[in-house]
Amino acid sequence: MTALATPASTETPAPEAAAPILSVNNIEVIYDHVILVLKGVSLTVPKRGIVAILGANGAGKTTTLKAVSNLLRAERGEVTKGSIEFDGNRIEKLSPNELVRRGCIQVLEGRHCFGHLTIEENLLTGAFTRRDGNAAIKEDMEKVYAYFPRLRERKNSMAGYTSGGEQQMCAIGRALMSRPKMILLDEPSMGLAPQIVEEIFEIVKDLNAKEGVSFLLAEQNTNMALRYATYGYILETGRVVMDGDAKMLRENEDVKEFYLGVSGADRKSFREVKSYKRRKRWLA
Amino acid sequence: MIYREAGQYKTSYEADRAVFPLRQDRIGIALIIVAAYAAGVFGSDFLLQAVLIPFLIFSLAAIGLNILVGYAGLLSLGTGAFMGVGAYACYKLMTAFPEVNVVVWILMSGFFSAAVGVFFGLPSLRIKGFYLAVATLAAQFFLQWSFNRIPWLYNYNISGAIEAPLSTLFGVPITGATATSEARYFVVLTLVIGLTWLASNLVHGRIGRQWMAIRDMDIAAELIGIRPLTAKLMAFACSSYFVGVAGAMMVFLWYGGAEYNVFNIDQSFFILFMIIIGGLGSLIGSFMGAALIFMLPIGLGIVLPAITEPFGLTVGAATIEHLRFMIVGALIIFFLIVEPHGLARLWQIGKQKLRVWPFPY
Amino acid sequence: MDLLSQIFVEPFALMVEMPDLLVQTLWEGFVSGVLYALIALGFVLIFKASGVFNFAQGIMVVFSALTLVGFYAMGVPAILALVLAIGVMFVLAWTVERVVLRPLVNQPDIILFMATFGLTYFLIGFGELVFGGEPKQMITDELFLPTGATEFDLGGGYVRIQHLDVAAAVIASIMIAVLGVFFSKTRIGRALRAVADSHKAALSVGISLNQIWVIVWFAAGVVALVTGIMWGARSDVSFALQIIALKALPVLILGGFTSIPGAIVGGLIIGLGEKIGEFYWGPVVGGGIETWFAYVIALIFLLFRPQGLFGEKIIERV
Amino acid sequence: APASAQTEEGIYVPLLTYRTGAFAGSGIPIADGMHDYLTMLNERDGGIGGVRIIVEECETGYDTKRGVECYESVRANDPVMVNPYSTGITLQLIPRAAVDKVPVLSMAYGLSASADGETFPWVFNPPVTYWDGASVFVKHIAEREGGFENLAGKTVGLLHLDAPYGREPIPVLEALAEEHGFELKLYPVAAQDMQNQGSVWLNIRRDRPDYIYLQGWGAMNPTAVREAIRTGFPIENMIGVWWAGGDEDARAGGADAAGYKALSFNGAGADFPVMQDIITHVHDKGLSQFPRERVGDMLYNRGIYNSMLIAEAIRTAQEITGKDVVTGEDVRRGLENLNVSEERLAEMGMTGFAAPLNVTCENHSGNHQVFVAEWDGEKWTVGQDWTEPMTDRVRPLILAAAQEYASANAGWPMRTETCDN
Amino acid sequence: MSADHAHSFAAADALEETAAPAGGGAPAARARSDEVLLSVENVSLGFGGVKALTDVSFDIRKGEIRAIIGPNGAGKTSMLNCINGFYHPTEGRITFKGQTRPKMRPHEAAAGGIARTFQNVALFKGMSTLDNIMTGRSLKMRTNVFWQLVRFGPATREEVEHRRKVEDIIDFLQIQHIRKTPVGKLPYGLQKRVELGRALAMEPELLLLDEPMAGMNLEEKEDMSRFILDVNQEFGTTIALIEHDMGVVMDLSDRVVVLEYGRKIADGTPDEVKANQAVIDAYLGVPH
C-alpha cells in the first residue's frame, strides 16, 4: 500500500462511537485458485457512516463488497488473507444468510432480480430473514413503494419483464426490506434516470440520518458518491491507492481530473476529449 | 517454470489461430499419437479390446454430443438412439452392398443419423433447455422401439440382433469374429483421429463460434445476424453425424454385434456424463471424460480386490461391485466440486500453474 | 383402408361396445396418472427449489422403500419402521445438502444434474450393500393398506377397482395438496422460487439455501417413500423400481418443471393418454407403444406451449 | 480381474453374474447356486479329478456392454468356458467363441438356433431351448384341454418382455397355432414398463385369452403375477417359462398365486443329497452368501444345475483327454460328449433333481425333458411329469434358423472340429 | 440542427447549465445529410395490459447521432427492440432504408445492417474477447462447411482476413490485452467495450447503443464518447443512443427524442429538448 492509505478510523469523524461497524483488514482475494484480485485491501466503515469505494473498471470494488457479504464462495473466489469484522465480530466464516440476519445486506451489481417473481414478491423475499410479523413487513413495503412509486405501478409484473431501471429500483427496495444495519451498495445509480439517481442518494442519506443505517457503496458516479459519502477510498488494481475525507477527495487534483471531471466553466465537452492518458500521480 | 511460453512469438494470424499455439502442446499431441499407435503394436489384447477401443469410440460419441450440448448448448438425451441409427444404417448398407468397404459404410452411416438428428432437432427452435430434452427423449424411445420392432432393420434375424459380417481392409479382416483386436484398433484409432481433427476444425471456425454464440445467449446471437434455426440444425446434424459414426464403430469394430437395447437411455446418459465430467465445450475434455467415466469402474474393479486381498478380506464380487458403485459416485461428486467445469478446465488450471511455477500465481 | 379403419373406426366402436373396458381403462389411466404425478412431484420440489434436475429421484424411491422394509425385517414394528424410514430420508437430505449441494452452489444446472447422477451411483451401491439386491415384499397389510378389489357390473361387463389403487389415489392426492399449499402459501414457498431463479441473488438477500435445500430434499424423500410404498405394493421393492422415475419425465415436461399443479395435470394427461393410446390404438402397430407415446403427447403440447402447461414462462428480454 | 487367478494350478471357470441392477432379484440366487456347487466340489472332493476349480465372478449388471467387458477381462486367464447368463451377452460372444477357443455355455437361454452343433460348434445351450419350452407349454395346455384337437378355437396369449429374449418363442407358437387352430395373441412389455403393466392387462382382459405363456425376466414376472390376480385372470392358466419360475416371482402374488405354473428342468427344495452336501460343505463353513433358509429355491437350484453341467463337462473332458488340467478346447469336447445318465445323477445325489441329459455333436441342447411346476402358495411343488418337447417340430426350425444365421453372417466359419461321438 | 456548438453540462447528475463556449475542433468531416435512414411511424407496442409504446413517430437521418432519452420504463429499450425486430409493434410501422418489413426477424435486421449493444450486457460469456468480436463477422463470412471442416485454403484465408479486421477493431477500442480472456471474467466496463466491438465488427449502417456508458467512471465515459464519435465520423455509421448521462447525451447527439410512459413528449436538438418544459418535468428535473 502506498503511504497515502492511512488507517482510516482514527481520522474519520465518527458520528457516534469510535467503534466501526465494519472493518476490513488487509484482505487478499483469489479467484479460481489462481487469479489474485485484491492485494491487501483495508477499509473501515464507522457506525452510521457512508463510505464510498471509487475506482476504475476492474479495480476490485465489487470483489471487495462480495468479500464482505461472503458471496465470493459462490463464484469460486476466496479470501485468503486478512480479516473482516462486522459489529465487532469476525464474519469471514459466516454464511450470507447469517450475515443478513445480523443486518448486513448487499445490493448486487447488475440488478439480479428474481425474474419469475413479481416485483412485490421480489420485495417480500427481501424480508426472508425477518421474524417481526407481517404487519411490520407490510409497513416497510409501503415505505419502499413511497420511495419508488414506479414500483407500485409495476408491482404485479414479473420482474424479468420490467425495464432495467425498474429492476434496479427493485433490487434496492428488496434490500431495504430486510431492515439492515448496513447496506453494501454496488453501483446503485447504474442505468437510472438522473432524477432517480438523485432520489436514491437522498434515500441513502435519509436512511442514514433517520434510521442509522451505514452504507458502503461502490460507485462510478464519483461526483454523486463523494457528495453524499463521508469518507472515500480509491481502489486501483486491487489496492487502496488513496483514501480520505470525502471533502478532501473532492478537492484532490487527481481525483478531480480522473473521476470528477472539471465542473463549471472549465469542463470539457465529451466531444472534445482527446485520446491521451496522463499517468495518475499516485501510481508514480 | 516448466511450461514456458515466453519466446514463442506468433508472427501471423495463421499461427495464432492454430489449435495448439504452444510448442509444448504440439509436441505433446504428437507424442500421444505416436504412443497411441505404439499401443496397437505392443498392447495386450485386453488393453486394446476392453479398454482402448471402447475408450476411443466413446470419445468420438462424446465429441459428437459435446458439439450439441457443449458448443451449441442444446441438451440431448437421445445420444444412444442416434448411435443406434448409425449402427443400423451401417448394418443395412453393409448387408445390402457387401462389396463396398465397411469403412466407407461406417463413415456414410453418420449421414443417416445426421438426417434423423435434424428431424428431431426441428423443435429446438421453439423449445429450450430441459424441455428440449423431451424432443430428444421422444427420439430416444421411438428409435429404440423401432430398432426392436421393425424387423427389416435387422434383416428379420431370428435373434433380433445385428451381427457384423466379415469384411476386410487391405486384405486384413477388420470386422467379424476373425478380425484381430490390433486390426480393429488401428482402424478405430485412425478414424477417431481423423474425425477429431474435423471436429476441431469445425468448432474453431465460424460455425463453432456461431454455436457458442447461440449457446451463450441465443437472443444476442440472433441480433447479430446468426440464424438460430440453421445454426441449431447444423449442430444437430454434425453432432448426430459423429454420434452415428461412433455407433456404427461400436457395433462393427468393437462389439461385433448388438441388440436394440445397447442403444438405450442409459447409453445416452453415459455419454452425457462423459462430457459433463470432461468439460462442456472442450474436445480434450471429451477424451478425458470418456476416460474417466469409462475407465474408472474398470480400474476400480482391478484395484479394489487388490486392496482388500492382502488384508485377508475375501470380499465377494457383489460387495466389490457395491463398493465400486459407491466410489464411482463419490468420485464424480468430488470431481465436480473440485472443478465444476470439468477435467478440461482442471487441466488448464494445471497448465497455468505450471506456467507460473514455482510461484503460486 | 384397413389401417384407416383400425385408427379411426374400430377404437371408437370398441369404446361403445364395451363400456366396461372404457371405464376400466379410464380408471387405470387415472390411477397411473396419480402415481406418475407423485413421482413427478418429487422432481418438481427439488427442481423448484434449486433448479436441480434430480436424477437420483428414482433411486431415492427404491432406497426409501428398502429402508422401510429393511427396518421391518429387522423386527421393528411397521409403523415405527415408517417413522424410522422418514428419519433416514431426513438424514439423507441433510447429507446431500452438506456434501453435494453446498459446495456446488451457484453452478450451472447441468453440473448439479451431474452431481445427482453421482449421488445415484452412490445410493445404488450403498443400498445394495446394506439391503442386498434381492427384491422384497412391501409390507402392505402391516401398514394398514387395503387389499382386495370391488367389482361392479357395467354394460354387460364389469369394472374392477382395487382398494389399493383407491388408497394410492387418496394418499397421493392428500400429499400433493399438502405440499402444494405448503409451498405456495408460505414464506418458504416464495423463497423456493427465488432460489430456483438465481442462487446468487437468493444468497444476497439472505435466503438460507442450506435450510431450504434440506427441507426440500426431505420433502422429496418423503414423496419418494410414499411412491416406493405404492409402487412396491403393486409389484415388489427391487432396484428395478428406479426405472419408473423415467415415467416422470414426460409428465414433468408436459406440466412444467416448476409447477405442482402441472405435475398433477401432466400426470393425469399422460396416465390417461397413455392407457387409452396403448389400449385402443396400440394394436395397430403391435402394442408396446407406451414407451414413447407419452413423449409424443408431451412434445405436441410443447410445440404450443414451450414451457409446458404450467411451467414458468421463459422470459425473453434484452 | 485379479491377476492372481492363475497363480495356483487349477481350472479357471469364470461366471458372469449380476448381483446388482434391475435384474439382481433373479440374478442373485442363480449366482449363488452356481458358485456354491463349485465351491462344494472344491471343499468336498478337492475339485474335479483332483484339480481345484478357480471360480471367479464378474459382475455384468445384466448389461451387455459390461458383459463384454467382463468377457475380455476373464479371457486373459484362459477360461475353460464362459457362462454369460444373459441372452444379450451370449449373442455377442457367439461369433467370438470359435475364434477365441472359449466354449460358451448358455444353459437354457441364448440363441435357440445354437443348438445346432454343426453351425455352432462352440456354443451349447443344454438342456432345452426356448423353442422346446414353448412346445412343452402347448403340450401342457393340450393335455389340460383333453387333447390337441380341443385347442382349436382357443386363444393363447404370449406375455413377453419386448426384447429378443421375450420374442424367442413366437416362431414355434405361431407354427403350432396354425397347426392346431388356436389363436396366438402377443402382449409385449417394454423393459421400462416391467413394473407398470396396466395397459397390457387391459388388453388381456379385452381379448380374454384362455392361457397365457409368460416369457418374462426380473421384475416383470412378479408384476405379471400380481396383475393377473388383480385383473382376475385365472392364475392356474398362466404358465411361465423357466425363467419366470422364481420363488420371488410367485411369492409376490401371495396366497392368491397358488396355482401359478412354470416350466422347469430342475427340482425345487433341499431334499436331495447334493443339497445336503452343499449345506454341509459350503453353508456350514460360511462360504456362501446365500441365506441358508432359502436353499432349495427354484433359481438357486437352477444355478446348481448349471454348475453341475460345468463340472460334468470338465470331468468328461478330463476323461476324454486324460489330462487333469484341461483347456477350453478340451472342455468344448467335454460339453459335446456330455452324458448325464440316471446312474450319474444318482452318484451325484441328484436323483429326481434333473432328468438324464445327452448332448451330441449335432444337438447341443440335448432335448432334455421339462416338467410343469406349480406354486402352492408357499413353494414350488414338483411333480414327476417330465415331458418331452416336440422335437420333431422344433428341430427343423432350429436347423433352418442356424442356416439363416450362418448365411446372414458372411464368412461364418464351417465346422472344423472333429466329433468324438 | 446544429451540432457545432456543444452544450456543456457539469456532470450527469448536476445538470448545471453554463454558458460555456463551445470548444473548438467540431467535427467538420462529418458526413451528414437529410436523407432518412430509418423512420418510425405511429408505433405502439403492448404486452397484455402494459403499454410499452404508444403511437411513437420519429426518424433517424443518415449519419447522425440520435439520442433517445426518458425516465426508467419509458419504453426506450422496447423502441430499439422494435427497430431490430426483436419485438414486433402491435401497430404502426418501421421503415429502414425505404423498406418496411412487418414481421422481420432479428437476424434479418442484422443482415440489413442494424447492429446493437444491450443494456444488460449480452456477450457470449463462455468465449474470449476475440471470439466474441469474430462472431460479429459471421454475416460476412462465406466459406462453406466443407472448407470449414478441412480448414484449408479459402477457410484459412477468409479467417485471417476477418481476423485482421477484428484486430483493427481491437486496436481501435484498446482492448488488446484482453484479447484471449473469457469475457465472463471481465469487469463490467470492459464488457461494454467488447460488446461495442462486436457490434462494430458487423460494419453496420445503423448502430443501436443501449446505455453504453452505464456503470463507467468519467475517464471511461470519455473513452467511450470518443469511440462513438470516431465510429460516427470515420465510418459514417448512423447511431441511435440511449443514455441516462445527460452530459454525454447533450454533447454527442445531433437530435434527441424524449419518451415518457411510452409516448413521445419531445423531439429536437439538444438545446430545444433541454429547454422543453415537459422534458424538464418528466425527466431532467429542475435545473439547479
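Which chain is which? They are A, B, C, D and E, in the order written, and residues in each are numbered from 1.
The rule is short, and it goes like this: contacts are C-beta pairs under 8 Å (C-beta built on N, C-alpha and C of every residue); 3 or more make two chains touch, one makes a residue touch a chain.
Since we're looking at a predicted model, the values are computed, not measured.
Colleague: Chains in contact with subunit C and with subunit E: which ones?
Modeller: A, B
Colleague: Work out the mean Cα position per chain and let me know which chain is farthest from subunit E.
Modeller: The most distant chain relative to subunit E turns out to be D.
Colleague: Counting C-beta pairs in contact, which chain pair has more, B-D or B-E?
Modeller: So, comparing the two chain pairs, more contacts are at B-D.
Colleague: Of all the other chains, whose mean CA position lies farthest from subunit A?
Modeller: D
Colleague: Mind checking the centre-to-centre distance between subunit C and subunit D? Centres are C-alpha means, answer in whole Å.
Modeller: Measuring from centre to centre gives 36 Å for this pair.
Colleague: Using mean CA coordinates as chain centres, what's the gap between subunit D and subunit E in Å?
Modeller: The mean C-alpha positions of subunit D and subunit E differ by 75 Å.
Colleague: Using the average of all C-alpha atoms in each chain as its centre, how far is it in Å between subunit A and subunit B?
Modeller: 47
Colleague: Take the average of all CA coordinates in subunit A, do the same for subunit C, and state the distance between these two points in whole angstrom.
Modeller: That pair's centroid distance is 45 Å.
Colleague: Would you mind listing the residues of subunit C that make contact with two or more other chains?
Modeller: Within subunit C, residues 124-125, 128, 133, 246, 286, 288, 291, 318 contact more than one other chain.
Colleague: Two or more other chains touching the same residue: where does that happen in subunit D?
Modeller: In subunit D, residues 19-20, 28, 162, 190-191 touch at least two other chains, as defined above.
Colleague: Which residues belonging to subunit E are in contact with no fewer than two other chains?
Modeller: 77, 86, 118-120, 122
Colleague: Show which residues of subunit D lie in contact with subunit C when the two form their complex.
Modeller: These residues of subunit D touch subunit C: 19-25, 27-29, 162, 186-196, 198-200, 202-203, 205-206, 218-219, 222-223, 226, 230-232, 248, 251-252.
Colleague: Using the touch definition from the top, list the residues of subunit B that touch subunit E in their complex.
Modeller: 12-14, 16-17, 198, 201-202, 204-207, 209-210, 212-213, 215-217, 219-228, 234, 281
Colleague: Using the touch rule from the top, collect the residues of subunit A that touch subunit B in their complex.
Modeller: For subunit A paired with subunit B, touching residues are 30, 32-36.
Colleague: In the complex, go through subunit C and note every residue touching subunit A.
Modeller: Touch list, subunit C to subunit A: 105-106, 187, 190-191, 193-194, 196-211, 312-313, 315, 317.
Colleague: Once bound in the complex, which stretches of subunit A touch subunit C?
Modeller: It is residues 69, 71, 73-75, 95-97, 99-101, 105-108, 112-117, 121-122, 124-126, 128-129, 158, 160-161, 174-175, 178 of subunit A that touch subunit C.
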